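Here chain A shows up in two complexes: once beside chain B, once beside chain C.
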Partner chain A sequence: MDKALTIKDLNVKLNGFELKNINLEIPRGVVVGLIGRNGAGKTTFINTITDIYLPESGSVLYGDTDLQIEPEKAKSKFGVVYDNLFYPANYTAKRIAKLIAPFYEDFDMNNWESLMDRYGLEKHKQVGMYSKGMQMKFMLSLVFARNPEILILDEPTAGLDPAARAELIDMLQEFMMSEDKTVIFSTHITSDLDKIADYVVLVSDGQVVLNEEKDELMMHYGVVQVEKDKLTPELSGRLIGLREKEFGYVGLTKDISFFEGRDDSRVRRAVIEDLLIYENENVKSKENTYI
Partner chain B sequence: MNILIDQMSQTPIYEQIENQIRQSILSGGLEANYMMPSIRKMAKGLNVGIITVKRAYDDLCNEGLLISLQGRGVFVASIDTDKERAVRMGQLRDKLSELKAFCDTSDISKEELVSEIEKIFMGNDG
Partner chain C sequence: MDGNNENIYGIDGNSAFMKKNTMEEMRRCLIYMSRLWGADKGLLIVAFIMLTIFKQNSFTLVWFIYGVNAMSLSIYGNNYDEISAMGGHGKLTLSMPMSRKTIYDTRMYLVGGLYLLAIVLALIPLLQVGMLYRYILYVLLLLMGHVMCGLSIRKPYLQIVSGVPACIVLFISVMLDLFDVSQTIVSKIANIRGNLVEACLCIIMLIVDIIVWLRERRLFVGNKGYRDYKIREEISKC
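Our next item is the complex of A and B:
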C-alpha cells in the first residue's frame, strides 16, 4: 500500500526525554490514533514529525519527501492542529488568516471563508472570544483551507465538551471522504476517537510498543477476570498487567479465544482504553513489539 | 437501509455491519443491483473506522452477496435460491460450531447433543 508517512530509526533526545528507535509506516487513506499515557512521548513524537524538534538520527518521510532534505515540500503535505490556540487572543479570525496565508503557497482564502461560514464562525470576532470548541474548528479551518494530504492533531479532544467532540469527529470523517487523506491524532482519552481510528499506535516510555489495525486488536484482546484460587501459570502466562483485586485477578489477554467458555475465568472484549490501563513492563516484551 | 451499531456488544463492529447487511439482502430489503454507500460514506454515517466497513464489504463480497466493480462502486448481487441456501447453511454451521464449543467445555457428548436436537424436532422437549 502507498505510504503517507514513513519513519525510520528515529531517535530524539530532549532534556532528559528520549524517543527511542521509532519505526513506523502509515498507509494513505486511514485514521491513526496515537495513544499513550501522559508523558509517554506522544507530543514529542508529533513535534518531531512536524519539524519542531530536530531528531538525533533517523528520517521522516511524507510520501517520498524527506522532511530534513526538503522541509518546505514535506511541510506542504501536512497540516497540524495543536491542543491550544497559539495565536494572539485579541486578533480577529480574519486577521490571523491574513497573517498566516503568505506562509503557505496553497492557502486558499476563499476556501477558508466558506469553511468559516459552514462552521458558523464569525470571521471578524476576536479568537479569544470563541469557545474552546469554536477555537478547535477555527484552527481546523486554517488547516483545511490549504487542503493538506495529511492532518496531524495533538490531543484534539482535550478540553472539549461531548457535543464539540462529536462535531470534531464528524469534521475528521468529512475530511476522510476523499480516499487519499490521512489523519494522525494523539490522545490519552481514547473513548470517542477510537471509534473512527483504523490503526492504533501505542507509545510508552518513548517507544512504539504496539502498532496494529484496530479491528484486529479488538478481535484478539480481552479483559479477563480470574477467581482468587483459580489462577494457574497456564492462565497468568497469557495475561498482561495482571493485578490482584479484592475478588480475584484481572488482566489483559491477546488471546481472547483461549478464555472463552472457561469456567475458571470471565472474559470481555477489550476497548482501547484497556491497553493503557493494563500496559506495563509485560507489554514491552519482545513478542509484543510489532515494528 | 438501517444499520445499528452496539458499541458495547461482544460482537465485533464489522461483524455487526456484516450481519445486518446480510440480513437485509436475504430478506429482500436490499434488492439486487442496489448501489451500496461508499465505504467512506458508511464509515462516516456509522461513526466507525474505514477499514471496519471495508472488512464487512470484503467479507460480503467473498460470500457473493455483494459485488465490487472497480471504479464504480459496490452493488448488491442477485440472490438465487441456491446462493441463499448456501448462505443460510453457512450461518447454520457458525451456530453449530458455537454449540460444539459449548458442548466441549460443558462435557456434553455428541450423542447427547444429537438426542436433544431430535427431541426438539419431535416436539417433546418438555
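Our next item is the complex of A and C:
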C-alpha cells in the first residue's frame, strides 16, 4: 500500500528525554490516533516529524521524500496544527495568511477567506484575541486553504469545550472526504479517536508500544474483572496492568474471547481509553509491526 | 494561471515554488523574516542612521545593537518567556517549507548585514573626532553580538544575554565620558602602537565569529558533513 509517512529507526535525544527506535509506516487515507500519557513523548514525536527537533538518527519520509534531504518538498506535503497558537498573536489573521501564502504553491487565498467566513472568524482581528476554539479553527483554515496530503495535529482538542471539539471532529471528517488524505492526531482525549481513528499508536516512555488497527483492537481487547479468590495464574497471565480493587482484580486482555462466557470473571469490550489506563510495558504488539 | 494563487509579492505561487535555487528560497525567507519585524524595528534603524550621521552621537550604536538583537529575537524567538518553550516564531519558522540551512543562512546574513551597516556608520562620527580606539572597541562588541546571534538560533535561551554587548558599550562609553580619560587612553595606545594590537583583536574576534557561525550552522542544519548526507541519502533509498 502507498505510504503517506514512513519512519525508520528514529531516535531523538532531548534534555533528559528520548524517543527510542521508532519504526512506523502510515498508509494514505487513514486517521491515526497517537495516544499516550502526559510526558510519554507524543509532542516530541510530532515535533520531530515536523522538523522542530532534529533526530539523533533515523529518517522521516513523506511519501518518498526524506525530511532531512529535501526538507522544502517534505514540509510542503503536510500541514501542522500544534496545541497552542504558534503564529504571532499580535498579527491579524489576514496578515498571517499573507505571511505564509508565498511558501505554498497551492495556497488559495479565496478559499481561505471563504473558510474564515464559514467558521465565523473575523479576518482583520488579531489572532491573539480569538478564543481557544477560534484559534484552532483559524490554524486549520490556513492548513485547509492549501489542501495538504497529510494533516498533523498535536492535542488539537485540549482545552476545547465539547461543542468546539465536535465541530473540530466534523472539520476533520470533511477533510478526510477527499481521497488519500491522511491525518495524524495526537491526543489524550481518547473519546475523540473513538469517533474517527482508523489506527491507534500508543506511545509510552518514548517508545511505540502498540500500533494496531482500531477495529481489530476493539474486537480483541477487553477489560476483565476477577473476584479476589478466583484469580488463578492462568488468568493473571492473560491480563495486562492488573490492579487490585475492593471487589477483586481488574486488567486488560488482548484475548477477549477467552474470558467470554466464563463464571470466574466478567468482561466488557475495551475502549481506547482503557489502553491508557492499563498501559504498561506489557502492552506490546508484535515487534516492529507496521500499520 | 490561477489568479487566486497570486501572493502579496506579486509572484505566482506555482511558478515561484518551481524555482529550486537557493537564492530564490533565501529571498522568500528574507521577506518572511523581515515581515516579522514590525514597524518599531524600522524606526529604530532610521533613528540610528539619523543620529549617527547628523548628530554624530556614538551612543546610538548602543541602541542599534539593541535593535539588532531585538530583530534577532523577532526572527527566531519571540518573547523571553516563550523562548525556553521553543514557542514564538521559532516553531512557525521551522514548520515552513524551508530547509534549516536556508533559515540559518538567511538569518545570519541578515543580522550580519545589519552589523556591517553599524560598523560602517559608526566609522563616520568616531573617526572624525580621532577616536579610533573606541571605533575598534565597537567593532569588537558588534562582532560579539554577531557571535551571540549565531549561538542563539540553536540555543534560544542565549538570546537573553544577547544584549550584553550593548550593555558593555553603554558602560564603557559612560565611564570614558564621565572621567574624561579618552585622550589619555588614545595617547597611550598610540605609544604602544595600540591600533595594530586592536586590529589583531578584531581579526581574532572575526575568526571566532566565523568559527561559531559555521559550527552552529552545521549543528542546526543537522548534517555532520558530506558523508552523513550520503548515508541519509542511502537510507532514504531503502
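Simple rule for what comes next: the second predicted complex is superposed on the first by the 282 of 291 C-alpha atoms of A that agree within 3 Å, B and C clash if a C-alpha of one lies under 4 Å from a C-alpha of the other, contacts with A are read in each partner's own complex, and residues count from 1 in each chain.
In the analysis below, contacts are C-beta pairs under 8 Å (C-beta built on N, C-alpha and C of every residue); 3 or more make two chains touch, one makes a residue touch a chain.
This is a predicted model, so every value here is computed, not measured.
Shared-chain residue A:62: touches no atom of chain B or chain C. Contact with neither chain B nor chain C is seen for A:259 once the two complexes are overlaid on the shared chain.
Residue contacts after overlaying the shared chain place A:138 against neither chain B nor chain C. Contact with chain B, but none with chain C, is seen for A:29 once the two complexes are overlaid on the shared chain.
Counted by residues of chain A touched, the larger count belongs to C, out of chain B and chain C.
Looking at the shared chain after the overlay, A:214 reaches chain B, while chain C stays out of its contact range. Overlap of the chain B and chain C interfaces on chain A: none, as no residue is touched by both. Residues of chain C that touch chain A in their complex: 2, 4-5, 7-9, 11, 13-14, 16-18, 20, 25, 28, 31-32, 35-36, 78, 86-92, 94-100, 102, 222-223, 229, 232-233, 235-236, 238. Considering their complex, residues 8, 47, 50-52, 54, 59, 61, 64, 66, 68-69, 71-76, 80, 82, 84, 86-88, 98-111 of chain A touch chain C.
Within the complex formed with chain A, the residues of chain B that make contact are 7, 10, 12-14, 40-41, 43-44, 47-52, 55, 101-102, 104-105.
Those residues of chain A whose C-beta lies close enough to touch chain B in the complex are 29-31, 169-170, 173-174, 176-177, 179, 195-199, 213-215, 218-219, 260-263, 268-269.
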